[in-house]
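Two complexes are shown next, each including chain A; its partner changes from chain B in the first to chain C in the second.
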Partner chain A sequence: MAVLRPFDKLPTLNSGTLLLVGPDEALRQQLAETILQEKRDFNISIHLATSLPLPSERDHLRPRIDLIVFMIDIKSKYSLKKVECSLAHVDASFFLGKVCFLVTGVGKVNACSIEMNAVCKLGEAYCSPMLFCELELEDTRVATAQRLVRMLRICAGHIPGVSALSFVSLMRKSDDN
Partner chain B sequence: MAEYLSETTNKADPVAAKEELLEECERIWKQMEECQSKLMLLGAETVAPSDAKLYLLMLQWKALTVDFNQWQTRNPELISTNPDVLLELGKEELQKVKNDLETMLSTVQSKNKHLEEDLKREQQWYEEQKQMLETLNKIEEEVNTQDEHPSTKRELNELETKVLKLKTFRKELLTALGGFLDEYFPLPERSENIKKKNSSAEPVVELITLQEILEMLINTLMATPHEPYITINESFWPPYIELLLRCGMALRHPEDPNRMRLQAFHK
Partner chain C sequence: MQRRRSSRARKQPLHAHHKSQNDLSAWQKGGTIHSEKSLQSHQSANDQKYDSEGESLEQALSYFEKVQDCAALKKKSVPQKHLDAVESTALKHGLPPEGFEILLHVVLSGKFADTVNIRLLKSLIPASVIPEDSVVKAVSWLCVSKCSGNVELLFLKWMITMFDFIDHKEQLHALYGIFFSFLQDERMCPYICHLLYLLTRKEHVKPFRIRRLLELQARMGMQSHLQALLSLYKLFCPEQVTITLPGKMKTYFKNSEGPWKAAITAIRQKNQGPSSLFQTVFLGTAQPQSRKRKWNAQLVIPASSANTNNLEEDREKKCLYLYSTNESFPLEQLHTFPQLLQNIHCLEFPSQMGSVITNPLLLHYMNCVRDESIYLRLYYWMGQMLQEECTWCMVNNPYEEEFKSFLQTVYKAECFLQEGFSACEEFLYKTLPLWDGFCCRSEVLGLLSWIPLSSFSDIKSYLYDPLAQLFFTSSIYFKCSVLESLKELLQNWLNCNAIQVDLESSSLNTTLSGLVNGVAELVRFVGWISTVGLRLENNSTLLLYFTLDFYETVCDMYLKYNLPLLIMLPAGVFYPALLSMDSVNLNQLCYIMYRYRTNLVAAKENELCKKQMLQFKFSDQTYKVYNQYIIAMVGCLWTSSAFQKDIHPQGLRMDDELLSKTAVKELKNSFNIVYHPAMMGYSIQFLQQLCPDDTTFNFRLIKGKKWNWYLEYLYTQGLKGLKVFIESSISRVSQDSWSKAGNVEA
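Presenting the complex of A and B:
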């Protein structure tokens, strides 16, 4: 399956699936572990990928993806390029609230090699929320994991009355036109 | 919705209610399968990066409009009319609300405590500032009332007269002392010296008066209090030195017998 679609499978009972896409394996692993340590009342399964498209051999084993998180490391231009390439393999209806961009490494201002402008433009172009965090610090890592778990609950439809789309409309930045 | 209902089936419901709920679940699940197969037929669309924003915004707008219409036409529906189910659900809801309110209560209480502590601290600081202000005001008043005397010049004049008086008194004392010493402690006769000279070839030494010795002692003590010793030389008549030492008016240097100083009566 070349393009990832949000509703190609039926949902699993009382669970949510998160897909982390990003070229840096260590960061992905770190974030995934922190997310799984969060207290929750539903099952979370996390799938890790360097880039899209996902290999089609394991397609039938994969559950329905509820939320895609694209991880961009601000210290490497390569991660931004990879993410941009992966975006072409995502169905348009995913961008109705089921995609989120996570920018990591923002703690070290000297090591930025991507312009913040470029990253923010990407978020705006794809109408998806942009989260910033520093995964090296435990506090921000745990806080980001909590945010992602909450978003996952909404995207998996566990909160009655709040859909992913309505949530993402609420998350608009105040200086957005 | 399906997950929510399935949680309540764990409670001790009568069998009929359970069956009812399960049927409801099955119905909704079938609906979902239908919707999903319809969606599958639509096919996938990817987003071109060039006009992604416009395309996605249009898509979002369409979806939100549909959502909105749905909400408008929808009426709130009961999950089930079975009173046991409703009771259990109600209990759960109330439990959740209770937990939320308890967390909120504890947060608000701790915030209140912090605010009270802050208030106390600020009040203390305010009191201290007030006191400081009062003291400063008092000082200012005192300084102002002092300034009202046309004082400086008068004070200076007073001080000058005092100094003059003291100087004259000092002169009188010294002259009186000199007169007293000359009368009762004169220098030995010259003639004795000349006689001594003829008998034993001792050099003639000009003896200085007791007054002069005392003057030297006083001046040294007053001018250089850290070094009040003077060296005894041959111009001092030895009996007078002994007299001064025995009366306790002068003291020898503890290590050097040729040096002496005036006793510090003023200390």
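Presenting the complex of A and C:
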């Protein structure tokens, strides 16, 4: 399947699946490990990819993906381009709350090569929240991992009364109203 | 005339041309402590290393000195080892004051190639102070323009960066006119403007200078550096600068610190230990706090006004300073409040405004003085510091602890002044979207609570949106902290209004309706995020506690803070609190409802009396919602009728069949304060005291007289909120008829 769809598979019991997409392998790996070290009461499985589409051979083995996190490094234009290309392979209904952009490298503002504006516009265009962090520092990495786990919990449907869509609509800019 | 430089060198008077062995070695061995004993210990510890480095530095300096005397040399190649010696000493320890004159002379006289000059300039890092004479001579070389343009620019940048290290500045102030004349050079203009900004005093603002600046502006267009200087001029002499300038801009000057910043911090770090990054900026206040301060004494610049002298200097030297007007009180001697009161007419702010925020006396002074320029200077300095040292925006900065303590200091100063700094406000707006919610959390949330209320309508997108996103995705403790700081923010806004009787004098120019709108928006925002937060955290007790704490302030806004605003709590907070499992929250809710009642009744009375023209009419919706809540509450706590009678659209109303399915016996009596889950513990304890040997808890016993006893018991257990609520909102039939009815039922 070339396109990722959110509801074409059944969910697994008491678990959530996260897909991390981003060109920087080391950072992805680190973040994944930090997430798995978090205390939680449900199973988390993390899939890593440099870009989409995912290889279709293993598609039947893959569980349903609850949250896709696109990692953009603010220091490299290449990562933004890659992410933009990958976005085309995601079904539109994923963007109803199951996608989030993680912008890393905000600590080195002097080394920014992409405009903050461009990144924010991307988030607005795809109606998905934008989290900023600096993954090279351990404490921030842990804090970010906790936030992602909380979002994953909501996207996997573990919080009664709060759906992914309602959650993401809470975080939209108020001047859209 | 012999100038005495720092107290450290007072034993060896410095003659510019006497490069004797003694001076430099004395500097090395003297280390950074005065006493003889430590001299020796220092010496023995680092002798060998210092000696070899010192020697090579000496050689380098003497070489450069000789070179400058031979006027005929052109483009001679400098032995590499001298350059290396200078660089390595500079980067490790900083250069001694004597070295500056020689090296500046060499650099600016253009004897060597640009590369050499640039390397030398980049290593001009002071170990302690920079003698003013050397800078003055360097400026005179600048006028001759023997060196290349790039070197000139770098020199200006160097001067700006090292401005605080220059020990005295009287002569530099005297050279103001010379610096001003450099403005015509377009390349130098931004840096000259920055330098003039640091040097300007009121007496420098002259009409011909203003005209010159305006001409430049007309020629070059609206440049931020020209604007900065003009704004400063305008502050000093508003009647002379008649053009309108836009409000405060974000940053006026480009950061010139680049090449030296790392080296300066490294040296400071080395000499002082980790926690004193900002101490060089702060005035040595009252008593040196710890031994660490004394150790830093060398690097603490007496950041005081030009009229303040080194205490050992001769007093009569003051008459030499061309621009000194009255003798002003030296700030280092300001230790006590009576001193402040006595000298309040002759105090001058230090040239480094940052030192004000740690000094409570100067903060007092700042409060009384109606001088806009000090706010501008403080604004500029603070903005620059916050932007540069922000740890989550600048990951190369390992000094998170120091940044935290800096934020804490700023917060304390704000608490002292009881108002926020606009530089802080802008810093928060800029960095909140990028914040991860973790770094310096309590400090940032503290600063958040001092954001001033303004009619700035974009507060929503700058503050509320990023805060909401962080709130929803972060932990429960973060949520609680945010609610607490928003409560403090609300209180600060309300207090400001209460204090400022005369709103015209407020610098924010907010009208009453502006205040009401701002507060209303904040309360609605908190209502929204707390409703969602409670849903996300499954009605956690802790979160509910903080939410109700916020509403405790809200419910009393009309009477306590005299603000004509009444906002009820949202249903998403009311119902979880009403049905909560713990008595603290229930008690708090009762108290809040009691206060709401008092406020609403008072508002209604004022309306009905029509004593004054009411600008704000309260909508009936507020009263309606209150009535619905009261019905639900009394039903839950007293009459067991909540499930039948609650008319709130998000309320507890249930159909009779559904209610009967719950299989609760005696529906009409089973939902009151005896059976409420939060109060169960109390009723059990009460029964235990009533019938100690009865192990079956027969709650039916609590009626009639015993009901009153039960109420009394609850009140003694600290449930004061419940008490005031029941007394105010529940009218009971007389005691006698109750007891009769009670007996009949039994």
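Worth a mention:
Just so we're on the same page, the second predicted complex is superposed on the first by the 172 of 177 C-alpha atoms of A that agree within 3 Å, B and C clash if a C-alpha of one lies under 4 Å from a C-alpha of the other, contacts with A are read in each partner's own complex, and residues count from 1 in each chain.
By our rule, a residue touches a chain if its C-beta (ideal position, glycine included) is under 8 Å from a C-beta of that chain, and two chains touch if they have at least 3 such contacts.
Just so we're clear, the structure is a prediction, and the values are computed from it rather than from any experiment.
In the superposed pair of complexes, A:139 makes contact with chain C only, with no contact to chain B. Contacts of A:86 after superposition on the shared chain: neither chain B nor chain C is touched. In the superposition on chain A, A:8 contacts chain B only, with no contact to chain C. In the superposition on chain A, A:150 contacts chain C only, with no contact to chain B. Shared-chain residue A:34: touches no atom of chain B or chain C. By the document's definition of touching, of the two partners only chain C reaches A:159; chain B does not. Using the contact criterion defined above for the overlaid structures, shared-chain residue A:17 touches neither chain B nor chain C, since it reaches no partner.
By the touch criterion stated above, A:104 is placed in contact with neither chain B nor chain C.
Those residues of chain A that touch chain C in the shared complex are 106-110, 129, 131-134, 136-137, 139-140, 142-144, 146-147, 150-151, 154, 159, 161-162, 167, 170-171, 173-175. Residue ranges of chain B in contact with chain A, taken from their complex: 1-4, 6, 32-33, 36, 39-40, 44-47, 49, 52-53, 55-57, 59-60, 63-64, 67. Contact residues on chain C toward chain A in their complex (touch as defined above): 391-396, 433-439, 460-461, 464-465, 468-469, 472-475, 532, 535-536, 538.
Across the complex, chain A meets chain B through its residues 2-3, 5, 7-10, 13-14, 42, 84, 87-93, 95-96, 124-127, 158, 160, 163, 165-166, 169.
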